[in-house]
Every structure is written in C-alpha cells, then in structure tokens.
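Look at the two complexes coming up: subunit A is in both, with subunit B in one and subunit C in the other.
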Partner chain A sequence: MVNQIASEQDSIAMDTAVGETPLPETPFEPRIVAFACHWCTYSGADLAGLNRMNYPANVKLLRVPCSGRVNPQYVLTALNKGCDGVLVCGCHPGDCHYATGNYFAKRRLMAFKRLLEFSGLQPERFQVRWISGSEAGKFRDTVIQVCEEIRALGPLEGDSWGVDKGGTGDGSCVPVFDEAKTGTHEPSPCPQPSPPSPLSTPQNALRERARELLQSGEVSLVIGWGATRFENRTTPLFVTQAEEAEQLLFNEYCTNTLAKYAVREKELTSGRIALATRGCESRAVNRMLADRQLQRSDLVLLGLPCSGMRDDATGAVLTKCATCTHRNPVVFDEMLGEPAPEEEVDRFEELRGLEALDIRQRLAWFDAAWMRCIRCYACREVCPVCTCRECFVDQERVGWQGKQANRAENRFYNLTRVFHIGDRCIECGECERACPMGLPLMALNRKFVSDLDTLFASGEAGLSDEADNALGRYDLADTEEFM
Partner chain B sequence: MSRIGVFVCHCGSNIAATVDVPAVVEAARQLPHVVFAEDNKYTCSDPGQQAIKDAIATHDLDRIVIASCSPRMHELTFRKMLKDTELNPYMLEIANIREQCSWVHKDKAAGTAKAIELLKMATAKADRDAPLFTTTIPVTKRALVIGGGIAGMQAALDIADAGYQVTIVEKEPSLGGKMVMLDKTFPTMDCSACICTPKMSEVGAHPNITVKSLSEVEQVTGYVGNFEVTLREKAKYIDYELCTGCGACETKCPAKVTSAFEQGLAQRRAVYRPFAQAVPPKPTIDPTNCRKITQGKCGLCEKLCPTGAIHYDDVDRVTRETYGAIVLAIGYQLIDWAAFYGEYGAGHYPDVITGLHFERLVNASGPTEGHILRPSDAREPKSVAIIKCVGSRDVAKGRSYCSRACCMYGAKHAHQYLDKVPDGRCFVFYMDVRTPGKGYDEFYMNTRRDGATYLRGRVSKIYEENGKLICLGEDTLLGEPVRVEVDLVVLETAMVPAPDAERLGSMLGVTRDKDLWLTEAHPKLRPVETNSAGVFLAGACQGPKDIPDSVAQASASAAKVCILFARDELESNAMIAVSDSALCNGCGACVAICPYQALTLEEVSLRENSQWSTRMISKVNPGLCQGCGACAVACRPGALDLRGFTDEQIVREVEALCQW
Partner chain C sequence: MLLPKDRLTPLLEHLQTPSVRLYVPAQAGGKTTRFALYEPHITTAFHLVNTALPPKDLLFPQTQKMYRYGFDEAGVPYIDPIHDADEVIVFGLRPCDMASIECMDAVFLTKGYVDEFYAPRRERLLAVAIGCTAPAKTCFCDSMGGDANEAPQADIQLNETVDGAAWVVRANTAKGTDALASWSAYLLEEAPGETAPAPAPAPAPAPAPAPASATPAPTPAPAPAPASASATPAPTPASAAPHTPEIKQTACTLRVDMTGVKEKLDALYEHELWERIAKKCVTCGTCTYVCPTCHCFDIGQENRMREGERFRSWDSCMFSNYTLMAGHHNPRADKMPRVRQRFLHKLCFFEDRYGRSLCVGCGRCVEQCPVALDITELIDEIGRITPSASPSAPAPASTPAPASAPAPAPTTSAPSAAPLTPPPAKEA
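Moving on to the complex of A and B:
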C-alpha cells in the first residue's frame, strides 16, 4: 500500500516536474520536525548521541515537557509551514512523568491522525511513537524509518499536500463533491401551498404556553420561529411580550436550530428564557450545560416533536434532518404534542462512501472544498458547541491562522474547527446548512465523531448534560494505532 | 526588539569535529534579533561562563542562546549563571548541537546545516522568552498520616521522633489495622500482638502524635506544604477527657452484636472496645445498636460510669487543620471471595473460612482461646485444606497480580494447624510457592517437614457431603484429578485496595493502576512519592505487601516527609500553566484533565467591554501545577498556556525551522 501510494506520488511529481522545471540536481531531503517529550524521548535521543549512533540529519527535535503538551494544531501548522513530515514522541503509556499526559495525547493524536488521513494526508507523514529514555536504538530506528518513508513520498508542498500547486489534482481525481447534494437530502416535490400541517397542534400549544409564561412573568423571553417576507422561510423569533406570542410559528420550515441563541440572550436578559426545543435543540442545550455556558435553571424547555424540516426553495427534506437520530427532545420541561416516531437512520452512510475512496481522491475532493471556503465563519457562529470568547483564528499573538485565503489556511481552519468541536459535536448539521459555499462540513465532523465512537465508545453527544466528551478523559485500556 | 546573544560551544572537539563552529557563528549573526555571536572552547567552564556574562554587559543582551550539549546537561548550570547577571534565569534557550547533532552525524556539512537549523529554532523561541519567577511557599511542619495500621503507625512514629507534629487518622475505633488481628507472624512466629501493641501504645503516648480514632478525612484542598484538611471525628458518645478506660460500662450492656474484629466468630456489646489492648484504650458506643440511642430506653452504661463520661447526645466533630505533608497508609482489604467463587460455595458453607478467620481461631485471645474449632459444630477439624491464590493470579476473577504474602501465611497456617492438631492432616493447594525473603524458604520447607501435603493445582469445586467438605482439583505434577475430604477449608484470599482508596486517591490527586492500587511516582526510583507533591505512600495501599516491607516503606515515606520539613520554604515551579481570564469561557475542560488538581473554576468579577460582569474562569494553583501543559491543549478557547513552552514559542520554532 505504501509503495503503491509512493509510486503514484512519484508519477505525479514526474508529470508536473517535466512540464515546468527541470529535475532538481540534489536529491530530495525531507524536513521533519519531531515533538519530543523532555523526560523520555528527548533523553532517549541524548542517549543515542552518547552511544554515537548514526541517523539522518533530517529530523529536528522540538522539546516539549510532555506529549500531552502537543497540540494537534502544531502538526497541522508544521505541515502548512513547510515540514514534509511530523513525528510526535512521548513516554510509553504508564511511564508519563506527569502520570496521565500521554494518555490524553494518545486519544487526541489518534483521532487527529485519522482525520488528517481522511482529508488526504499520507499516513507516513504524521507518525506517533512511544520512545523511552533508554530506547536510544528505537529512537534511531524510528528516525531512519520515518525519514525513508517520507523521502520516498517526496516533498509535501504546504499548499497542496503533494498533489500539485494550484489545481485540484490530476485528471483521474475529478472531485466527486456534488454541491447539489450537500444542502438537502433527496429532492422531493415541494409541498406548496402547505397542506394543513400536522405540526399545527404543537404550534398552537407553543403559542399558548409562550403567552402564559410571558404573562405570568415566569420567563422574560421566548425563543422560537417567526415568519419572513419569503414564503415558507422562517427566522428565529425572540418574543418578549405576551401579545406577540401569536407570531410564533412551528411548521416544516423551521430550519434554524435555536439553542445557541439562548447563550447570547442570557447575557442580555435578566429573567428565564423559554426555548422551543426539538431533538437538536435539546442535545445542544445538554452540551452547553456540560460546557457550563448555560444553567438549567435559566431555561424553560418547551419540547416539540419534529418530523424533519424542509428546504424552503425545493421542499426537499434537509440533509441534517434526514440523518437525525433524535426527532424528539431528550430533555424538556413540558412536551407540546405527541412524540414523533423515531426512525432508524444510518448517519454514517455518506462518510463510509468517502472512506472507501482512494486517499488521493479524498485529497482532491477535500482540496476542492478548501478552495471554495471563503472563511466567513458562519459554521462557527451557528455551532452550539463553539462557545469560545475569542476564536483561535482571531488570536493573533500565537498566529495560528494566517489571513491568506488559500487552500492551506482554509484547510487549517476547517480541520482545527473539527478538532475543537468534534468530540462534543451533537451532529445538528447547522454548520453545513449555514455554509454559503456548500462545504461538506458534516463529513468532517462525522469522521471525527465516528472515529471517537469506534476507538473510545464515545456514543452520541448531548444525550445528557454530563461533560463526558471523549478527549476530556482516557481509559487505561485504550487501543493504540501508532506503534 | 529583543537583543539576543548567541554562544556556540566547541566542547573541545566533541562538537567542533563534526560541526563547523565558525560557520554556525557566522550564520547566527544573520539571524533576526541576534546582536552578538561568538564561540567558546568550553562554554560551561568558568572562563566560558565569564565570557557570556561579559557579553551580556558589553552588548546589552536581554536574552541568550547557547548552542552546546543537551539542555538536560547544563540548562540548570546556565540558569544559575544568569542569576549573577541582570537577566532573568529563564531568558535562556539551548540548542542541542552535541547529543542530537555532532555525535550522531558524521558528515560535517550535514551536521553544520542541522546545527544552524537547531540554532534558528532556539533563537526564534528565545525571541519570545519572557522573564519567569518562582514563588516561595511556606511549609507547615505538621504531618497527617491517614490510616493507623502498622505502616501508618511506623510512619507517624518516625516523623514524630524527628521532632515534628503528626496526626493519625484511623477510621476504626482503635489503631492496629490488620496486623493486630493476626496471631503470629512469619517466619519467626513471634506473637503479632506482642510486637504490634507496644507500637500502638507508643503512638498513643507520644507527645508529638495526636490520634484521631473513628475519624475520616472529608476534604483536602491546598498543596504541598499547605494542605487544608477537613477531618470528621465521629461521635463516640464517650468523653475521652473524663473516661478512665475502666471498662465498667462494657460489663452490663444488654445489646449484643457480631464482632467485626473477630471476623463474626464472637459477639461484642454496643458499648465496646474492639479488643482488649485497643488504643485509645477507651470504649466507644455503636449508635446503630445502642438501645438508649435507638429506642431511648436503657442508659445502663451511663449509670455505671464512675466519671460521668457517657453522653448519648454526642455529635460528630468537624475540624479543619493545615498540614505540610500527607502519608497515605490506608492498607488493603481482602477480596470478597464469595462474590467471585460460586464453585467454593459462595460463602454458604460455614466451614469454608478465610485466612483472617483462621488467625482469630488460632489466636489465644480469640473467641476460641486458641483452639482450632470448626465454626459449624465447634469440633476440632481432623483435616484441613488450605487453598492459596483465591482471587490472586486469576485473570478470570479479575486480578492478575500475586498478593505476595499468601504463600508465607499459607505455610504459617499449615504449620500452626499441625502444631495444635498433631494427628491432623493438612493439604495445601498451590500454583507456585513464592518465598523470597529472609528465612522465608526455610520456614516453608519446615512446614513441609511438619507433614503438610502440598498439592500443585487449583481447586475447581468445593461441596459438602456427610458433614465433610469435598475439594476437587488436579495435581498438575502427577496430571491426575484429586479429591480430598476435609473438615475445614481455609482460603488464602487476595489483597485488594481499601474501599477508601478511590475517594482519597482522587481527593489527593494520586492516580491508581490497572488493579486500582494507588500508584507511586516512579515504580523504581520514586517508590514512596506520588504524583502529588507532598503526598507519600506507605504500606499495602500501594500494592500487596507483608509486614517487613510495609514497615520499611513507612520509614522511607517518613524520611521523605522529614526532608520536606527540613526546609522552611519551598520554591514553586516557574514553568507552569497560566490562565487568561479574558479568553476563558469557564467550560471546565481543563479541570478534568489536570492530574494534580491544580485547576479550579472560580467566580470572578471582571470589567469587560466597559461593564462589570461576574463569571466563572479557571485558575491555576502555582503550588500544585507541575507544568505538563496537557490543560493548554484541552483548552479550546486558548485561555490556558504553558510558561516556558507557550503556543507562540512552539509555533515560532516551527516557522524558524521551515521558513527562516
């Protein structure tokens, strides 16, 4: 497999090289950075020196106190800045100087490595090893092996991850990315004009309860949906007066997941907030409770059953609703209407299709997506688990995120976003719905979610208000993929 | 703009032989912010250090980069050197061009190129170095020992003898732990009570030791040198100031209860001392069984007490004290074998007993006054089967480890039985016999000579037939099935962690291993320390141990406590996590990650965007933080960073390597 990818890689390198520049005279020497834990691997490397072992000069050690200090973002930064490969080394599980650092590192790096490979990075380019202070030989062998593997792959152009500069790959890698399929699920006849909606009863109940709650002063704000001047299109509605409760809508076009508004409104509102709560809102609320962004006592959750929402233009069921596993709220104070029947859905179907692709096809597919991203950050703004006060992209002191609108920076943003929210993602699909460029954001999220579930049995997020996200804990029995 | 000085070391020929040092110096001069660069023969030598000090003064350097051997070698040397200058000791980076460059690359061109790249990284990092400061923490020279068994008592005595105050917290009414239940101790067969009770009295009478019996640690906050400990001393219903320990109250109490100390083989009163030599030598009232407390009727003991020490309305006393160090000596418990061994009758046969039962049966002060009698019919058993490794070394029962002491006390029980019942037969079922200890193997061989029949193999089933217990197993040496009829079966059961281990471990930030024993900081080199500074382990709470090992480890942990107390102040780590209140959203992800419990969420009032707001943010306790940086990665909002290894520094290092 390694050889196959390498030879394909070579042929691409040849194609571009012949057409543009003459072959370089000096052979390619990969530049590799190794994040090494001070207590084990760094001292193992010192021991290799003491024993006068020989190994290639390509690998430079960057000393960190612990492999738990290695932020997966460093890996992406190194690849983007011009390293051809990254190695992360730490103490063997159980030997961590800080007791538990490498267990957390293992989970983070394992999940992130899978994500990078999914988005098209050859697995050899990012490797993780446990090397103790006495394993000088293992250190030398690792350096030699990693060097050889990456030398065989050729240079990783920071911008294109080795495919080429600027294009979307060679002719055989036509992106399978289909814009029409990202926004909605199966196109179906648009139900216009709306037939008497089966949701009308919950709508009446919602209006009724909103009015009562506002009148009695139990809440000072109700968050629901209201009409717009466009037919079938709704918008979040913030009701503060009992007489305005009549404006609340609940039909099959209530596409916005409302929960995140509660966080912002909580800062502006003194009283409690009543929230129209479907399955997606309820899971978002649970997650925000776990992340301490809300308190349960701030909220009155008006539970609503949901049969899936539709695109206002085409009438098709939204993709995010077609893969919904919780049509009824998992937490609520009162349920307005009969629970909707839950449906068995395969939420990882699209993901498996992508996983089955060749790594170069996936690279081309994602590269096409990165090229389209305009970094408007709509995905971040709607995400109920994006609750940072200042996003990493705006933290200029560290300089995580460059300002250029190129593929490397867009990739950095999109993959880091997944790392930041992936272990808490409630799969509401709002990011993908909000994306004006139709990027396949849920494919990335679901990859992370699915891997965490496979590796650490993390299950679905937001089913309770406990902060049990997979990267915030570890298990001594965790599997290991990189030894 | 920083002013960086670069000093490249030849290390004799160690570096200069394979790295072109003048070329590295020349390259250094071209790097951003580098205002001075020179080479030295031996940078770590006195002249080398003096050259650096001179250059700092002459060229007004505000940070330095030394390209030399590994920072693991001389980082501290150079930091110490900087203390003599105007620079903060942390305005220093080291490029490792010896161990990780000149010694491993034979090609001088490649070596020189790599040395320059390593220097670039170090320079880029140094550019973002900030002065770091340690703080000093005063040390409260008073120790808390949790657990009053032999390990806890030994640790307390050693610390107290060194002149420091010690408090022992014991959850039972008396000190003594498991050891005081034993009859004799292997291999010398000296009476356990005869060597344990003098220790108990010594502890009880020591002017530097306070014993808190029937007490528990409820909460621990703070850090090394300054642990704030909340202790709950349960109501004893007897005023120990007034009580003389005459025992009059115990004589007439009508409520009788099964004695846990006697392993259920005898009864005690509701007002009781668990055993005659208990320390403190005063009784306590068990409120769940006292008729006066439960029903309001009786009050006999109050009438009998000559000093008026009995108070039925006594309540728990909660105290809060500061301790500088904590020794965990919470011991072990025996595995609940009945839950795991249905094939041994799951506890339904009264004559299948544990080793600890046997200790009480054979003990002269025990319920049978030292006569070995079957629990079911009080007859002397004419044959006994002793089964070792019940729960130990049995992955199917969830415990893969060896409990270490059972081989020896199994041999001891066989020896004691054959001593008291000379015409009896004794079968010992074993997997291996492990007797590494002074005089241990001799003891075991003597037991075999006494007539104990050792059968190699596990017992697969025990059942009752005509008043006899039938043990079925296999003699794996002969490869034949074995069937033995006996009157009594003694199970030498596995040691498992004490029930409090989980609660106290997580309270004190002490991790637990796969079998849930409390873990030491390093299995070989730091066997009594834990990952929490100032918390030490003694005895079997760290893993199965016999008495000599427990006592040795207790003295070792006492020595560690005394080393800590020999200093008036501790210096905190300078390279620790730091939290930015403007960025922290109070999610608490860091709190769960930190192995040292150095992070807490605290409510703060902040003036932000021209208005005051109150919210939760994470705070780093500088006394607890060890500087691993795991929290900084868990912190998605980017509020936490690690001083000395900041995100910015690491990203700049990567940039320097790739782009300079």
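Moving on to the complex of A and C:
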C-alpha cells in the first residue's frame, strides 16, 4: 500500500517549484522537478555546486527524506501542474539511511514507470537514478542527460498531459480513437438475453442453508442476490429472517461481487455473516482478510460454482467473467453444488493488444477514455481492495485530486487508483463492470498485475489470506530496470 | 409539416454553422452515448431512447469556469468573469429530457434567483425534441407527469409518422416558430390528400402558443421560406389547412403510482425502509451524474502562483465529503442518510419548493446503477406503506403535519403501526 500521508506543504512546494521557472521562451527549455533524497542526492547536488560544476537550471530540486517517500502521486501532480519531466534520485541500494526505503521505492517506481509508459507517457519523462552524496559528477551528468532527452521531446502539453486540456465540460469531446479497433473490449453481442434459468441445485441449496443458518442463529445475516422488477437483473440482497431466504436467487445474471458489503455489515450486525461466495467473492474475502478488513470468524462462506455471469441487456457473458481464472471459490466453509469446470483463459489477451500499439496510439486511446470519465467513483466504491477509510480523492486539504472534470484530473484519478490497488487487485473486474461509461479499467489493472508478475513473480492475488502483495515487500535480488 | 427522414442529415448540416453549436445524440466511445457536437464523422444515435449521459451538461457543464483572478503586471488585482454561451441547438431531446430542463429552469431561474451562468446558456438554447416511439423497459416518464409523445416545453417538436418515413414537425414556442423558417427547404408540407386530422396532438400541448393544436407551424413559417430558399423542394405552398398525418403514439410499459407518495414521504423521514434500501447502495455518484435533473455543484479554485480560476463542478449527495463541514463535522457521514436525502429530494423536498417531482422518469439511474437500486421499486414500496390503518389513498391528505414528529399521528388500531415507528437501528 502506498503511504498516503502527505501535507499541504508538499503541494505548495510543488506549486512553487513548478511556477518559479519562467515560461519557456524559444527555444524550448523543459521544466523538470527532481525529488532528491536528503541523505544522498541532495548532498551530491550540494557538492556539485561547491565544485563549481555547471549543469542546466531546468531542474528544480525538491528535497525528500528518502526516495521511499516519493509517492507516485507526486509524479503525477508534477506532470499535471506543468512539468515536462520528473526525476527521482535516491541512495544506492544498500546505502539507505533508513536501511530499506529505497528498496521499496525501487519496486514502486519500476512498476509505476511501466504504467505511465503504458498509458502514453514517453519513458524519458520519468526517470529514477541512484546518486550518492559523493557523486557530484554523476548528478551533473544525469541532469544534463535528462534535460537533453526531454528537450528533444518537446513540451509535455503538446502531448496533452498538461493542465486542463480537453474535458467533459461542454459535451464536445468525441473521442477520435475508435475503441473497437483494439478489438477485444466489447463482448460479442447476443441480440436477446435469454430469461434467467435458476442454477437450481445451488440456488435451492443456498436458500436452504440460509434458512438453516438464520434459524439456528449461527448467522444473523445472509448476503446474496435477489430479484428486481426486471427479469434479467438481480440486485444484492440482505436476508435477516429465515422466512425471507426464499427470496435468494442464484442464476446467470448475478453480476454483483458481494464481498465488500461484509465490511460495513460487520459493523452493524452482532452475529456472523453468511456470504454467497463464488470465485471472485472468495478471492476478495482472502484479500480483505489480508488487509485486516474482516476476520475469518466473522464469515460463513457458502461456496457457489459459477460458470460466468451474463449482461442483462445483451445476454453476452460479462467481460469480467470471460477472463475469470477461478470459477469456484478458493476458500469456503461449505460448497453448495458441484464445482464448475475451470477453463483455460488468457486474461492478458487485451493487454497484449494494447501493448503492441504505438505509444501515441495508446495515449490517444487512454485520453479518449479519460475524457469519458465522469468521476462518479463507482470503480472505487465497488472495489473489494479499495479499503482506505479516507480515499486520496477525499483528502481535500491536501488537494491531490482537483474537482474539475478534465482530462488531466481524470487521468490523475485513474492512474492513482490503479497504483493504489494494483498489487492487491484480484482481477474481479467489478470496476469495469460498474463503470457507467465503459472505461477500460481492467486494461490498466491487468497491466499493473502483469508487470508485477513479470518483475517480482507476484502471481495472482487473493488465492490465500496472506498479505504478500508485491509492493508491500522487497527482495535484495530485485532487478533494476532503469536506475 | 413533415421532415422526411432522409433529409435529416442535410438539415443537420444546414443547421451546423460557425455561429451555432449543434448537439445531437451520438456514440461517444465505449458504451457511452451523449449529446455531442455534430460533426460529419460522428456516429449519431437518434435511435436511442435515452443517451447514457443526460443533456444537462449543455446548460450546466460538469466543470464550468466562472472567473479568473490574479495580479497583473503592475500588481493590480483583477477579476475577469468568464461567460462562454454560444448559440446552441440541441436536436433530438426526448420528452423526459425536456421535462428535466424545466426542473433545472425552476432551480436556476426562479424563486428570485437567476443564475448568471445558467441563464445565458438557457436563453441561447433551441430545443428540438423528438417524441418517443419505443420506450425502454426502464422508462416511466408518464408516471411522473410526463408524456413520451409530447414535449410541450421544447421549441420544436418532432413526432414520427405512423409509416416511420418522416417526422411531423411543429413549433411549440415563438422561438421555435422563428427557427423553423430556416428549415423550410428541408420540410414538406403535408400531402393534401391525407385525411387524418387532429387526433394526435389535440389534448397535450397545454402551454403551446395559440395558433391551433393541429397546425401551429404554417402561419409564420411559409412567409420567409421562399425568400431564404429558392430551391425549396416543397411542393406547392398550399397554405390551405394541410392535414397532419397520423403520428405514432406510445406509452411506457413501466408504471408507478405516485399518488400520495409525497404526502407519505413527509412522515417517513425516520422509517426503517431507508436503512434497508441503503444497504446495497455503494455510494458512487453514478445515479446523480447520469440524472438529468441533479444539479448540485461545488465551487473550487485552481491557483498557480499569481493567478487562478474559480470554477464550479458537479457534486453528488452520494459522496461523503458533500456534507463535510469545516471542523470535520459531517452530518451525513453514513450512507443511509445520503441515500435518504437523494430520494427525498427527488420525490419530496423539491415538490415542497417547486411544486413538482425532481424525477422525470427517464430511467437512467435505474439502467445504470451498478447495484440495481431502483427508484421505481422504492416508489412502489412507499405506496405499500400504510400511514394509518386504512390503506386507501385519501388518508395522508388529512395528516399533512409536515414538520411534526413522525410517528405519533395515527392513533388508530394496528398496534404500533409497524411501518411508521422508527426502528432501534443502530446508526454508526
């Protein structure tokens, strides 16, 4: 998890650092912010000054106590506030004043840099270096090199990363990049949804067990699905009376992943909670147990096999279900029904299609998506691993997230969201399903998950209740991609 | 007058001029549809019942810059208001969209307060509505006082003919009548042979201008027409009472009974139903942002050194920081009061102030809520609640008692009248 502690001073300091540099005259002079560790690079820069070394004045140093302090939101904020590039400098591995800060920083920033590049930022614009207090020459050389690279790229605003480009304000933003061209996002249309066919064995078993558990007082609440006025749509249902258990449904239109409800309900109920648990719920439960949101003893997990849920409008299998790797719960107290056959799926297919695109195309594709975002935060609210008591979005005094709905702010929100959940994402796809605007949120999540797996062999999240998320630990043998 | 469907595109191209911004329902990427600026390459979506996003952002943008401020070169402070209203035509509003604009007008233009950012946009808006032909399963406008066929507030109204080949065009306002003048090159006078007069628009357009419900347009329209368009394809300007072809009539399949709902809600503030329906709400802002009438906003500013901008942007009562006060007190910190606030505002509070419901029955929130929390089910449920022992309608009228303590009114039988007693729910 990311250290979200921040102060108003951070924001003000960044304002000042960005604003001090005069607007570039011709020829273009880039504005670069360097976050420099107090214990090494900052001294190195001092030494460079003492030695009368010449280096470009484009770089503004912001002193941080450790490279591990550099929240990726700093980087995004700097870019949104008008920087053309960001440099992060810390101590060489093994030299950290706090012993391990730079190891954590390395993991985070490596993954974050890949995410930025994926979403369309040229890699030269965000760089990380290890520079010790005695390496004045390296500091100078780094600054010169980074400056030249970014100068060659030109101003960032030309790439639409700047402040207040585009925006949903007047309804005029029609995306130019056709989503269909990437091919994999729309589920194959199925003209008429078939009426729901109750998966009768599990549904009956669910009702029966719910009734028994409520009658015996073993649980005081059962969370499952119930009917709506529309045949092909279900809704989360909270059953507290044994006689209401008949209202529980289980059919192929049970699209909601329920696990997150248990967190609030636990606060309100005295007894245990029985949760209808498919593969996605079970992994969410595991992850929430690891995050100390729930205790296993709070829950009775009624395992249900799932063979994929369907869209109520088209009848097509939901995208999130078509790429599901665990149709049966990975943890449960009792299994209601025969396990569904697990299928080999390639969950990174869409991702590879996007990775194969040119960086400019990806930028256009994501930009079009950011302009559609209305910032309703449905993705955050349904996410089982979005568990912060106070979201960075709501930290208004810090001012991470501006209220304006424009491309820059929307991008800031979406990239930060991915970074916050990425190493714990169970890939349930609820964010993308819930998004009223159909943003490709899982493409970002999967990019992060896939990178963490490549870099740190993190595997799939939520298969056990151990807190083994890749960004919460480090390994001395970690690769160094770009330092 | 008739607008044949194959003349729609030429008409849109005609209406799109450098001085006018023309918005039409269009695909906007992904599954998003919205009113978008008309351009030749966009994919229009006139077939849609409703666009996923409502047209409200044309009048009330999600982010609206209000003024710039700062210090100029000489160090003198300045404030520059930003007014950016262009002439706008919205083509293809649905009757519910029009009703929502009426709600927004009430908020931003009445009760002694005229919003200086909304008013100019509203003034320069020409609304062209198209009557519905096939309501979606989530549509319930006719239960909320609307009519899927009629948009009396629209400047110009189009209704599809029974054969589906054309729209019957008529102006509802003087502004619409003026605007129709420039359309004449694309319109056909009705075929004089047709004999299907008047059944269609007879009862509905109450506030429409006087010139007869059946043929409102022809009076001023043909006059400027020959002048402006010499190539008028219209056959003979036979101004001798052309007959209106029959138009398709439709009605919503989803119906709710609003009778007495407001009166009941007056007494339901403490009812256990709110906690029950709030349980599944995830407090995202989807319902409020896709709602055509939700109009809450927040005011913020962006400062950069010696200058800054003040803007207002949509806010949602579903968010916890919507009610966050200085000193960090939050009167609606939990989701139950937030959900209750939203529905009470829609169905009760707005009616108190403006005399109509704030829900126009477009069904967007029903369609798009990620957890299928459905306002129509809530209305049904309120309908089932019996405020007193007698289940009939007139009961609530006798107990208006708006601000009094909720429960004690019904002293009749039905021990403890379960529905009205506040439960001992523990509220975190």
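As a convention for this text, the second predicted complex is superposed on the first by the 419 of 483 C-alpha atoms of A that agree within 3 Å, B and C clash if a C-alpha of one lies under 4 Å from a C-alpha of the other, contacts with A are read in each partner's own complex, and residues count from 1 in each chain.
Please note the rule applied: a residue touches a chain if its C-beta (ideal position, glycine included) is under 8 Å from a C-beta of that chain, and two chains touch if they have at least 3 such contacts.
These numbers were taken from a predicted model, which means no experiment stands behind them.
Once the two complexes are overlaid on the shared chain, A:464 sits clear of subunit B and of subunit C alike. Of the two partner chains placed by the overlay, only subunit C lies in contact with A:268; subunit B stays clear of it.
Look at A:372: by the touch rule set out above, it reaches subunit C but stays clear of subunit B.
Look at A:220: by the touch rule set out above, it reaches neither subunit B nor subunit C. By the touch criterion defined above, A:204 lies against neither subunit B nor subunit C after alignment on the C-alpha atoms of chain A. Of the two partner chains placed by superposition, only subunit C is touched by A:438; subunit B is not. Shared-chain residue A:66: touches subunit B; no touch with subunit C.
By the document's definition of touching, of the two partners only subunit C reaches A:235; subunit B does not. Contacts of A:247 after superposition on the shared chain: neither subunit B nor subunit C is touched. Shared interface residues of subunit A, touching subunit B in one complex and subunit C in the other, are 81-82, 267. The part of subunit B that touches subunit A in the complex is made up of residues 70-73, 96, 98-101, 103-107, 110-111, 113-114, 117-118, 121, 511, 514, 519, 531, 575, 582-589, 592-593, 595, 601, 613, 616, 626-630, 632-634, 636-638, 642, 645-648, 650-651, 653-655, 657-659. Contact residues on subunit A toward subunit C in their complex (touch as defined above): 15, 19, 81-82, 163-164, 167-175, 177-179, 185, 228-230, 233-238, 256, 260-261, 264-265, 267-268, 368-369, 372, 374-378, 380-382, 394, 396, 402-406, 433-434, 436-440. If you check the complex, the residues on subunit A that touch subunit B are 31, 33, 38, 42-43, 45-46, 48-50, 52-55, 57, 60-66, 68-72, 74, 77-78, 81-83, 97-101, 104-105, 108, 140, 267, 291-293, 387-390, 392, 395, 397-400, 420-421, 467, 469, 471-473, 476. Against subunit A, in their complex, subunit C makes its touches with residues 21, 23, 26, 28-32, 34-37, 39, 42, 52-53, 55, 57-58, 61-64, 137-138, 254, 276, 279-280, 282-286, 288-290, 298, 300, 302-305, 311, 313-316, 319-321, 324, 335, 368, 370-374, 376-377, 426, 428.
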